[in-house]
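Order of writing sets the labels: A, B and C. Residues in every chain begin at 1.
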Amino acid sequence: MFTLANPKHFMAASGKILPWLAAVTAVLFAAGLTLALSVPPDYQQGDAVRIMFLHVPAAWVAMMAYGLMALAAAAGLILRQPLADVAVKTAAPLGAVFTALGLITGSLWGRPMWGAFWVWDGRLTSFLLLLFLYLGVMALGNAIEDETRAARAAGILAIVGAVNLPIIHFSVTWWTTLHQGASILKKGGPAIAPVFLWPLAVMALAYTMLFVTLWIVRIRTTILERKAAVLRITGRA
Amino acid sequence: MSALRRLVARDLVLAIRAGGGAALALAFFAAVATLVPLGVGPDLKLLVRIAAGVLWVAAVLAALLSLDRLFQADFEDGSLDLMALSPLSLEAVALAKIAAHWLSTGLPLTLIAAVLAVAYGLPASGTVALVASLLIGTPAVSAIGGIGAALTLSIRRGGLILPFIVLPLIAPVVIFGSGAVLAELDGLANGALWFLAAFSLLAVALSPFAAAAGVRLNLGS
Amino acid sequence: MTFALDIDKLTCIRGHRVLFEGLRLSLSAGAFVSLEGPNGAGKTSLLRMIAGFLMPAAGTVCIRTEAGVALTDGEDRARAVGWLGHQDAVKPQLTVREQLTFWGQLYGGGAVVLGPFGLAPLADVPGQFLSAGQKRRLALARLTLTGRKLWLLDEPLAALDAAGKALVAETVRAHCAAGGIAIAATHEPLGVDGLSLHLGAA
């Protein structure tokens, strides 16, 4: 584990795994999408239910990515590992993209169900705030020039956000019950039909693998970029 | 007088004397609260409903406006170096600065809000709920804003990025704060003020550590 | 035990550039060192490293107190250092006396002394009306007030006239004579007998 934290070992190990990860991701997506398109339409939602297979996994990965980013941030602050710093910086934009994907697919799914692209539903609002947290971590990391200091500052913000996230979610849920209008429906229904479970599980795995693959690619790219920058400054390896 | 209280007193004097941001933040608050009825119309029924939300949002923005200088002024002129070397821990320095910010901004904002609430046609019970929620909630705004101020210390346009990174963290304060007033108006039993108090306590207790970590990071440059 | 400062194999890297490497310096009570070198040679970085603001890339800094305690941790060293930065940390809204009283109480130091620094007539003048030289004298008075034994001075002569420079030299000399240690990063000689350490552009 700790030898992996050394950028050199990381580059070697990740270089070997990466093609396999990419292949597994592609296979999972092919299988997941085939399954998602072959399930019968929902008796209430019709074909619109298929958006769920894109939406729910995106939301899961968006939350998981935040947790991983906060863990990497803690590792960076406690162990002072440069690799952890890079991991924080690269996780933020990826997490933001998955959050945005969750929001967009959510609002597309909401259109036929609620009759509007956006309602101030508890989960949607929580995710909007999650997106802002991600964007804040990114903005802070980009605004500070010194790369170590930028990563540490972004890391502190990520950890503060992680502590705050359950409270934000709770407050937003409380808020929707306070302002409950007649038109708001609960998404997803009481329980998910078993036919939908398999494609959902495969898609969730596919999204997770996609995130892991992209994260590793971004970390590798950033390490290589820094090496190039050092070479440019010092003129030696 | 203890060193901590000395630092609070000094920051208060700096905030209040010419060039401090306290008066400006209060003026901003009053200006926003005045502008909203001009925008949405003088319908008192509507104003009563939105009073708590508008005053809470305006109060948070006004507080953030004066927060970006919380550490920055002392950072730029070297005072923060001297504080870091003093017997006080940076956590205590952060706590003192957050306290001074609340005393010079959050507390007077609460008092002005009581007057503005009348202009929005809020009944007495709603006004009491609003004042109570601001009194309980604004320390959390100062505390969490203090984290943002510490993290953006070395950024030249830190004042622009600060509200952005802090707003999602402060969302629960606004939700519980204005929610407490709305629930009171609707005659609903609710725990909003208790939630707010718990959140505020947590924020004030934990923020100095995060803020001190941010300051330490920026002094090492 | 006498008060001492030990720097061993200290290395400073800033933004992929090695500023200095394997620096050794041992000082005991009464020592004065003037740090010389071109801009960007790492003079301020060395001072900030000793004070515990900056983490060294390698090596150690240790302050030995008279009680025989070795302060190696940055946070501990910070509590033993008197700092005169190149900014004056003077607030425009506060009077000279208010500023000195505040810092004196924050550091738990002794009574405010104005006379020797030519600040007595300025006691009730707010910082915004002070000249650059007067602010420097205020900073010097504050440094004395902290009661710390290891002084770190960053460009202490900047913005001072001849009389001001003589005052700095005299204050530093008195500090060293009383068993303190002082390290000053300067472009021009301070006029205090001691070592000089040259940090070259690597």
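We adopt the following convention: a residue touches a chain if its C-beta (ideal position, glycine included) is under 8 Å from a C-beta of that chain, and two chains touch if they have at least 3 such contacts.
Owing to the predicted nature of the structure, the values given are computational and were not obtained by experimental measurement.
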Distance-maximising chain from chain C - centres being C-alpha averages: A
Most centrally placed chain - per-chain CA mean versus overall CA mean: B
Length of the line joining the C-alpha centres of chain A and chain B, rounded to whole Å: 31
Distance between the centres, which are taken as Cα means, of chain C and chain B, whole angstrom: 36
Averaged-CA centre spacing for the pair chain C and chain A, given as whole angstrom: 48
Chain A, residues touching no fewer than two other chains: 146
Where chain C touches two or more other chains at once, by residue number: none
Residues of chain B engaged with two or more neighbouring chains: 220-221
Contacting residues of chain B [partner chain C, same complex]: 1, 3, 6-7, 10, 13-14, 17-20, 74, 76-79, 81-88, 219-221
Contact footprint of chain B on chain C as seen in their complex: 48, 51, 53-55, 78-79, 81-83, 85-94, 98, 102-103, 105-108, 142, 146, 148
Complex contacts: residues of chain B adjacent to chain A: 144, 147, 151-152, 154-155, 157-158, 161, 164-169, 171-172, 175-176, 179, 182-183, 188, 190, 192, 195, 199, 202, 206, 210, 213-214, 217-218, 220-221
Chain A-touching residues of chain C, taken from the complex the two chains share: 15-17
Chain A residues within the chain C interface of the complex: 146, 229-230, 233-234
